[in-house]
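Note that chain A is present in both complexes that follow, paired respectively with chain B and with chain C.
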Partner chain A sequence: MTSTRSATLFAFALLAPALIYITVIVAYPLFDTVLLSFTNASLKQTYDFVGWTNYLRIFGAGNFTDVIIRTFVWTFFSVSIKMIIGMCGAVLLNAAIPGQTLFRVLTMPPWIVPMAIGIFMWGWMYNGQFGMISGLLQNFGIVNGPVAWLAYGNTAFWATIITDVWIGVPMVTIYFLAAMQSIPKDLYEAAWTDGAGRAYRFRRITLPLMVPAIITMSLLSLIATFNSFDIIWILTQGGPSGSTTTMIIDTYKTAIGSRKYGEGAARAVVICIFVSIFCLAYFRAVRRLQQGEAK
Partner chain B sequence: MSQLNLKRLEKSFNEARIIKGIDLDVAEGEFVVFVGPSGCGKSTLLRMIAGLEDVTEGQIEIGGKVVNDLPPVQRGIAMVFQSYALYPHMTVYENIAFPLRVEKLPQDEVDRRVSAAAKVLQLEPRLKHRPGQLSGGQRQRVAIGRAIVRQPKIFLFDEPLSNLDAALRSEMRIELMELHKRLGSTMIYVTHDQIEAMTMADKIVVLNAGEISQVGSPLDLYHKPDNIFVAGFIGSPKMNFINGKVRSADGSTVSVDLGKLGVLSLPRTSTSVAGQEVTVGIRPEHMQLGAGEFTISTMPNIVEHLGIHTISYSTLPGGENFIGLFEGNPAIEDGKALDMSFAIADAHLFDSRGLAVY
Partner chain C sequence: MSAENANSPVPTGSYPLAAGTAGLAAVSAKQRMKSRTKPAKAMIDRYKWYEVAGLYLGIAVFLFFVLAPFIEGFLVSLKPLSQLFSTPYSFIPKVWSFDAYINMWTSVPMLGMHIFNSFFISSIVTLIVVIIVVPAAYAFARFNFAGAGVLLGLFLAVNMFSGAVLLIPLFRLMRSLGLLNTYFAMIVPGAAFLIPSSIWLLRTYMMRIPRELDEAAWVDGASRIYTLRRVILPLAMPGIVVVAIMTFIGAYAQQFIFALTFNSKTEFMPLPIGLFAFFGKQEVVWNELMAASFVGILPVMVVIVFLQRYLVAGLTAGAVKQ
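After this line comes the complex of A and B, so read on.
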């Protein structure tokens, strides 16, 4: 009896650091945010519980629905482009060409350069007066005068996506490359022996066998991109006129910018619900893929 | 008619010469086995024939046509890989149909050929399954099915049974031999397992360090090995080797001094071995219990009773390990002196370079 009790205590002692960590860093802030989302908390010393008012307000105002749609569109394009470029990059890096290692190293800088520095660099490149992009396009006669890419809603929207893609592509490429290299060489040799050309082999062997990697990476990238804050904040701060304001930017602006902590918390809770759905989809996909492998 | 000719075939990877000038003729319908220890170049040779490795020097002819620069699909070969190389995401049907899909054959032709192959290989109930749901033997059959549907001139097998357990291996061996009989195609088969080589081959090619040590029928190789390598490689348990020195070689008899074991006189016409350090070879299964034409007294260290056979392991005065294999279950024990003998006609003699002396 005593030994069972001491074994249980010992188990709890071993688990304690993780439990304390999760409680302090995750559970308490999450609980407090949910609680806060039902209040009118601001810079005032006191606040009251206001029930569903914050939620009714953010969904009723119309503005937040636009933000949600914009966030999904922004995320969709960013993730899709990352997947497509990442796949193309992996195919090229997997090809047996001279200097293969050099090319593999050259894909890394966007990942290695501190993110803020990379984003500032893009900020300058998008600049109308001094920016490289506007300058080059003028030199080639594609645009007539300087274009400040971050000054217009449409161009700023795509500019932030391009920067996000630039930062995100190396990880996707390396992940896809690793998945590609785990496909047994024998399969390609067998297919080649049977007369299958490069494109046929890619379509019928590489791509189907990459499906687990593509699903996993898409979902992981979706979760990270959905919450992408620093790129948009540094480049546009959500502007011009809210054209790059995604849910996370909107939440920050409301909670920290306008000091409306209660409303900000409600927005954060909505983000949390979306991301939880993505995470659930990810875990379900992983479980299904593992079951598929077991078969 | 010769269907495959290898002429002075060489393969180098950078500085390393892996295949060192191989000449070989394979007749139509022959079952040829490349056998040799790991790293001898047998798989490389097969992959060169398949077109998966470039040829450094020499020529490969299939059906009288030089195919050195042709891609595998134009060589009229089909290959079965050691790992089976099945596509895990495709059904058995689609795996077998793969080469036909590449050829863009009409669906009814694909159906006809896949059904015929599945029937031969008893895979009909499995056509809708994925490779992951099959046993090792069934996977192997799917891989063979994929080769059959292409109706190749030559089948190439790269150690196809090495991933199977012993029981399944012998079962598949028989299935492959039956398949060879039924199809009548030329088959080239790579293995490191000499039992597979002995049981399946019309012709065995023994490879050692990138060179052919001997080509011949299984029984030729067993009874008349050209050299000490083939003598030691073919046969299980391995042939016993006893070192000695030739006392005299008079053109009809070679007398070999085997030290404490005595002098062994063998009927050989060679005189060039006079005074040479030589090796006498005797197969364990040629040993008999008790005294005989040449008797050896041993003290077995270990005795294995296998029911059908009994095997004794001992060490000779010269330090060589010596194995005797006897039929049935004779009363021999480890640690008890044992006299055994062999017939002079069963002994092999190899000169100082390891070549057989006749």
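After this line comes the complex of A and C, so read on.
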């Protein structure tokens, strides 16, 4: 175990399959995306390098900046709502009451079931004429007449956010719950002995000690939400009239729908740049939190 | 495999590590609480009646949000189509009908095949991931070679890029490898995006196996490979099981975009895509779609109930610092 050279060689031999796999399936395509973004590649076999043309075109058209802004607004609301509901869920599931284990199991289905299938069910619930949401709201007299949630830009925007929240909530909840349970019990007991109430204990012990978990989860969730594709594609395909077209949907439409590989690649590169920034923020946050812990 | 376990130099069963991991913190904490509250419920956990009522109400609202689509989907599968397309809306079926569960087999002729495909693709993905991840996780857990930290970071960064961004070059790659419209068009990219988090998960687990065990084997003249196979592998088995389950669920839950883009053959389509074709039709036969969805996901739902302990472990391992 001491001879470092043979140890390093052995380590790389162990890593080789993973390295080769990721290089071929992820690193090379990433590199190829950048390369393609400077070409006019399409369904045709041959293509030429066209310099910055694709980038000039997408940023010149104007609607691309709308797409970027829309993506950020969509992501912001989705992540924030996930965090809030996830925290509420964790608090509720953390309470020492009968049925606790069952409730935790019941939280998981949206995360475990194939995403697409959960989304089909939402697709029906949003149905205007006969769907559950419109139906129940009418039965309770909250809205007059049917509301086809996916048919109008504004409601479709929020409907896709809510479905995205639904898919993300189980993971956030279970993660927060685990973080909550790793807080030493004696802290609560000490506070309780001093007469601190439940709300006070939550505010002064739970929340501060959960900050690392909240930051980590927010950033992870931000990245996942930013890349969210299935929900919007199944529910609206980016419509009506582009009101739910996020960057991922926009790229898919350009590249796969219209077969403009070069321009699609340029759009994908812009996504990669944003994701890289989030990624760096995540790694920095994790490192800083670890350093803070070491002190 | 089990025979090897029996011969392993360390008695797996009696070793405390075999039972717990970082991520099992949630479970062990729960067990700890249980044992403490058994004789007399700790005062701090005692709630007033209105607090209990509030908690249950909160949980009811929370679980309604989480489960509403499933409840509604299930009830829809039991409604005849004529009732489905009638107003006013009623949550509970007026007439109960199981026709959808019979008719769906003719409406989606390859339903059985789609369910099989989903399982098959997820199983092969899991197999590939486990084979690749075990040695890699061991390398990261035990060897402090130059660049290990950076390499691990790069692996994790892979997780952050969704397959959707890489679709164009992946499509070209699959085409030149001749994999388009085969199972491998879905398996190969699917596995790639599950490898990084699995490495992270298993590495965390393996780091908790005491180094002294490797060193003892080394002193006794065991080769590195022998040490990995006979010392580490048996001890890491519970961690590998968690990784395998997480990978399977990941592969199963995320079957969409690669299958949508890289395969157009109906006989290879996994369940979500098979049903998506059905969903995209002009007039969706909703009760049958829901019935088919439920039949398709039922096996996994049953499995969840048995494996939920591992799921919590897998979800939180390596993420929560102790």
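Please note the rule applied: the second predicted complex is superposed on the first by the 280 of 295 C-alpha atoms of A that agree within 3 Å, B and C clash if a C-alpha of one lies under 4 Å from a C-alpha of the other, contacts with A are read in each partner's own complex, and residues count from 1 in each chain.
Note that a residue touches a chain if its C-beta (ideal position, glycine included) is under 8 Å from a C-beta of that chain, and two chains touch if they have at least 3 such contacts.
Quantities reported herein were computed from a predicted structural model and do not represent experimental measurements.
In the superposed model, A:Met171 makes contact with chain C only, not with chain B.
When the two complexes are overlaid on their common chain A, residue A:Phe229 makes contact with chain C while staying clear of chain B. With both structures placed on the common chain, the touch criterion links A:Ile273 to neither chain B nor chain C.
Once the two complexes are laid over each other on the shared chain, residue contacts for A:Ala18 go to chain C alone; chain B is not touched.
Which of chain B and chain C touches more residues of chain A: that partner is C.
When the shared chain is aligned, chain B and chain C each come close enough to touch A:Glu189.
Of the two partner chains, neither chain B nor chain C is touched by A:Leu43. Of the two partner chains, chain C is the only one touched by A:Pro110; chain B is not.
On chain A, the patch touched by chain B and the patch touched by chain C overlap at residues 189, 192, 293. Every residue of chain C that touches chain A in the complex is listed here, in rising order: 23, 25-26, 29-30, 33, 37, 41, 43-45, 47, 51-52, 55-56, 58-59, 62-63, 65-70, 72-73, 76, 84-91, 118, 131-133, 135-136, 138-140, 142-143, 145-146, 148, 151, 153, 155-158, 160-162, 164-173, 188-189, 191-193, 195-196, 199, 214-215, 218, 224, 228, 249, 252-257, 261, 270-273, 275-276, 279, 286, 289-290, 293, 296-297, 300-301, 304-305, 308, 311-312, 315-316, 319-322. Residues of chain A touching chain C in their complex: 1, 7-8, 10-12, 14-15, 17-18, 21-22, 24-26, 28-30, 32-33, 36, 85, 88-89, 92-93, 95-97, 99-101, 103-118, 120-125, 129-132, 134-136, 138-139, 146, 166, 169-171, 174-175, 177-179, 181-182, 188-189, 192, 198, 212-213, 216, 223, 227, 229-230, 234, 248, 251-252, 255-256, 261, 264-265, 268, 271-272, 275-276, 278-279, 282-283, 290, 293. Across the complex, chain B is touched by residues 184, 186-187, 189-196, 200, 204-205, 208-209, 211, 293, 295 of chain A. Across the complex, chain A is touched by residues 50-52, 71-73, 77-79, 81-83, 85, 87-89, 98-99, 101-103, 130, 132-133, 146, 150 of chain B.
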